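To start, the structure under review is shown below, and the notes come after it.
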């Protein structure tokens, strides 16, 4: 089947990957990638903004045909949707107020308040590894940062790049720092972020895989990456 | 002999087990003013309401200008009219004036009068207004044409109701105790209008407790008792020389 | 001479511009039964309501057992009582029986009767109940003590109201047309209870339209007219020999 | 002019969107409410039970749950259905004509936008409350008024639209007004299903400016303004349409 | 559709049910404590007393509960002085903020109910109370409030139902109530229909229990 028109679901509250501007438009790394891929496929693309915890149901419900929202490829998700190959891979990390101790043991984390975005890989990771911690689930990462600033949380866990941009680079961000190592255990975090697609649409997966290779090859990817990051967000091939 | 404007033949009506009308015959020719008398509960209102099918008769025929209102039997409700269209058409030829006026309270006096001509008979609005104003003039309420029913006295409301009835140029006007909801001081103004109508030669069926009206204005009086016509005739005959014991008793208590 | 149980001196009361009472004097001694008569609107209820300060008099003195209810002037409302405490204390000595009974609808009959003794006078509850039951016995409603007012007839409600009044052992009982909201058949039962109270030597002020009661039971009758006492005296004197034209007219219309 | 860290323009848009959602749901709920009220009062047992089920379920389940159910669940249900039907059609046809090309006989997706889902859900919810209001209003219309209409030969549609409807609205107005005020506030929930109304914008804005109090207070004030305007208008309407008496 | 998910995660829902129940019950209780004096004093003659009460009721009845919750939860954190005070100990807890928002909200609505029933108190019964020498305080306590109770019941049972429905937003400030549970389950299994339907059923049970209890209660007043 030809894909002349593709509707792409994006989040809009996860800088620098996607972010809603004051005028209501959406910008960010994911958005630029989406547009580059569409240009490569010569398809007409529409971006549809959707809150994170409804984003997979919305794809299944055919609100859009693909999700480009820094979604990690995990086994759990693969039960529901198909993924393209990864288009980026950024480890998750904890962030806390400067000087707060951190140990990745269950005993240490007991009773600690950890904020995550609902339905993310981080959500699962903490639920599985630190069941005795007080896990607080938010609709968006921004809300979790607000509560971290307000001292309602001890830690927030999110994509390291998202934390860097959405929290550390903002006013007052100098009070916070990453704690603990980069986390990228495939058991929870999968194999990088891919584009999620309904399982039936295998042809679209193939076409997008080709397109990803194409923009990697022709340098478009690097241009976009450099706009937002000073490091390689793709990781190993 | 001419076709009677209204004829009722062997009309029966029951509510559940309660037989209210047990075979009523009645003929009204053009220009007849028929008064219907009877004790409370004798079925006067029911008779009138059967004529324009506000109640469905259990059996019997009703003919308006010789046209039979066709009925068919129905599982749930006994008999029902065969064609709603016919019933609606006939109803619009029979204007009813209610005891409690029933003016439409959301419409002004003028709007009440033009409502049926415009929306049922399809008279152009302008024309209807001209006529309605003349009718209101006639019942002495032209000045109140923009009032709402709630702002009028009972007698005024009933006069508007009469104008509303006249506006459809009915074959027969049906009056159900048009003055009994009025304070005694207001009865006169309504009766005066009705006397005028009678003089004009309107065909009227009037349920009333006003003996003076029945005697002086109508040319025929019917006395209902236990669902049957117990006595009928010209008023000058039956009031002076009643043949039924019941009727004698009735007029003696009312006077 | 003994101190009068209640004395009212030169009482005036106006509502805005409407002068209702224009100087009333009245003295009630222990055992007096005083009937207050007057046309509708003559200020009878107002007088009674001034006595226990449900209305604040515009001027004039009220003394209960010789104790003056102290008033002070107020910017907004003219005169007001100087001490709410005093007013509450005096009110609890004057029991009022209302035309529309005004039993507390959320309390049972027994609870209605013990409410004021227990919660205003501080009588122990047990004691109050014993007494209340005796009073209910007396007005013939002991069997209904656990009913709620809504379940009683008007006459029964008024008898409960009288029991409630008696329960505070009042110096003076004030009755405001206690039978006029009752159906004629029920009036008798309430008047019978009141007759009994009079015989017992209770001090009572009764606004009433029941001439028979005024004449046979009270030992003093007051006739109010246009805010003043137009006629007063022993019933045997004034009914047979009224001096005021107004009063003559009044009794002739009422009989 | 007030300034909200650059957000004032889309804030105003959000305020306008809130109002749109509220007004459109109002229209829908009035229509649904009328239908349900008529169904409840009809002689048909089927209609009556459907309407009763409808009003009962709505009374039992919170608005938010219904909204999430319709927005997520409803979408899934409708589109799954239409997709499966499409597949089935294609397969059947391919069975007969092997070289048949895959075609979408039904729309491949029906997009329930949050805008639409919000309006539908709120309209649906308040339809149930409106039904009660209208039922009461219909019952309080004087029977004689309709009887007069019948007697003058009006058919049942004319009876409804020319007499029943204008008269019942008068009785319904206070209840309608109350429902409107509640409905207006319920629109705030559409932000949870992702519609860019002013609550959502306030959320986004407080995320990036770290000034949540300021933004949410402005939202509250705008709602208070809407409420105040509505109350005034309602008072005026009630006076205008109250039964004209001396 | 696959409802085995719900069975697997039933303890999530049970916890949610418990959270919703105590949160709503406690809010209603605190709301009532606010509402009775507010409703009574709302008709006071003195503007200094009735003005603030008017403003309180107007604000909480005129704006959405969701916005009130956001204001209290996220909004207060904007003020450093509050964050440094002892109050922060409470405000940092999501349940406390939700409880506060819900209580203030239902308090305002209930106050309006209280005001309404007090205004329709039969005048004669008040006069009788006065005539028997009760003080204003006694009249309020012994006559006005108990007498108004039965007239307030229908409206109050509606308010409880609205509160149960309204509490569904607690999930947006990280509280795992019934709705919160449903959202977590949905997020994990991407099965919105099942997840939210189960929540809907739980809410229905809650609501209809309340309706049933109030029917019984109202019946017990029928004789009055």
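For reference, chains read A, B, C, D and E in written order, and residue numbers begin at 1 within each chain.
Please note the rule applied: a contact is a pair of C-beta atoms (placed from the backbone, for glycine too) under 8 Å apart; a residue touches a chain by one contact, two chains touch by 3 or more.
Just so we're on the same page, UniProt names per chain: B, C = ABC transporter ATP-binding protein; D = ABC transporter permease subunit; E = Arginine ABC transporter permease protein ArtM.
Just so you know, these numbers come straight off a predicted model, no measurement behind them.
Novice: As a teaching exercise, work out the groups of chains that remain connected by touching when subunit D is ignored.
Specialist: Without subunit D in the graph, we get A, C, E | B.
Novice: Using the touch definition up top, find the fewest steps from subunit A to subunit C.
Specialist: Tracing touching chains, the least step count from subunit A to subunit C comes to 2.
Novice: What rotation angle superposes the Cα atoms of subunit B onto subunit C, in degrees to the nearest 5?
Specialist: Fitting subunit B to subunit C on C-alpha positions yields an angle of 175 degrees.
Novice: Measuring centre to centre, with centres taken as mean CA positions, what chain is farthest from subunit B?
Specialist: Between subunit B and every other chain, the largest centroid distance is to A.
Novice: Report which of C-E and A-E is connected by more C-beta pairs in contact.
Specialist: C-E
Novice: What is the chain whose Cα centroid lies farthest from the Cα centroid of subunit D?
Specialist: C
Novice: So the centre of each chain is just the mean of its C-alpha atoms; given that, what is the distance between subunit A and subunit E in Å?
Specialist: The computed centroid separation for subunit A versus subunit E comes out at 38 Å.
Novice: Find the geometric centre of each of subunit B and subunit C from their Cα atoms only, then give the gap between the two centres in Å, rounded to an integer.
Specialist: Chain centroid spacing, subunit B to subunit C, equals 56 Å.
Novice: Averaged over CA atoms, how far is the centre of subunit B from the centre of subunit D? Could you give it in whole Å?
Specialist: Result: the chain centres lie 46 Å from each other.
Novice: Taking each chain's centre as the mean position of its Cα atoms, how many Å separate subunit D from subunit E?
Specialist: Roughly 24 Å, centre to centre.
Novice: Residues of subunit C that contact two or more other chains, please.
Specialist: Nothing qualifies.
Novice: Mind pulling the residue numbers of subunit A that touch at least two other chains?
Specialist: 54, 57, 60, 139, 143, 146, 149
Novice: Got the subunit E residues that touch at least 2 other chains?
Specialist: Only 74, 77, 172, 183, 186, 192 qualify.
Novice: Mind listing each pair of touching chains for me?
Specialist: Contacting pairs: A-D, A-E, B-D, C-E, D-E.
Novice: Going by the contact rule set out above, which residues of subunit A touch subunit E in the complex?
Specialist: So the residues of subunit A in touch with subunit E come to 53-54, 56-57, 60, 76, 80, 115, 118-119, 123-124, 136-139, 143, 146-147, 149-152.
Novice: If we count contacts the way the header does, which residues on subunit E are in touch with subunit D in the complex?
Specialist: Counting only subunit E, the residues touching subunit D are 58-59, 61-68, 70-71, 74-79, 161, 164-169, 172, 179, 182-183, 186, 192-193, 196-197, 199-200, 203-204, 207-208, 211.
Novice: So in the complex, which bits of subunit E are touching subunit A?
Specialist: Contact set of subunit E toward subunit A: 74, 77, 83, 88, 92-94, 172, 174, 176, 180, 183-184, 186-188, 190, 192.
Novice: For subunit D, which residues are in contact with subunit A within the complex?
Specialist: That would be residues 6-7, 9-10, 13, 71-72, 75-76, 78-80, 83, 102, 108-112, 192-194, 196, 203-204, 206-208, 210, 212 of subunit D.
Novice: Along subunit C, where are the residues that touch subunit E in the complex?
Specialist: My answer: residues 52, 54, 84, 88-96, 98, 100-106, 115-116, 119-120, 147-151, 164, 168.
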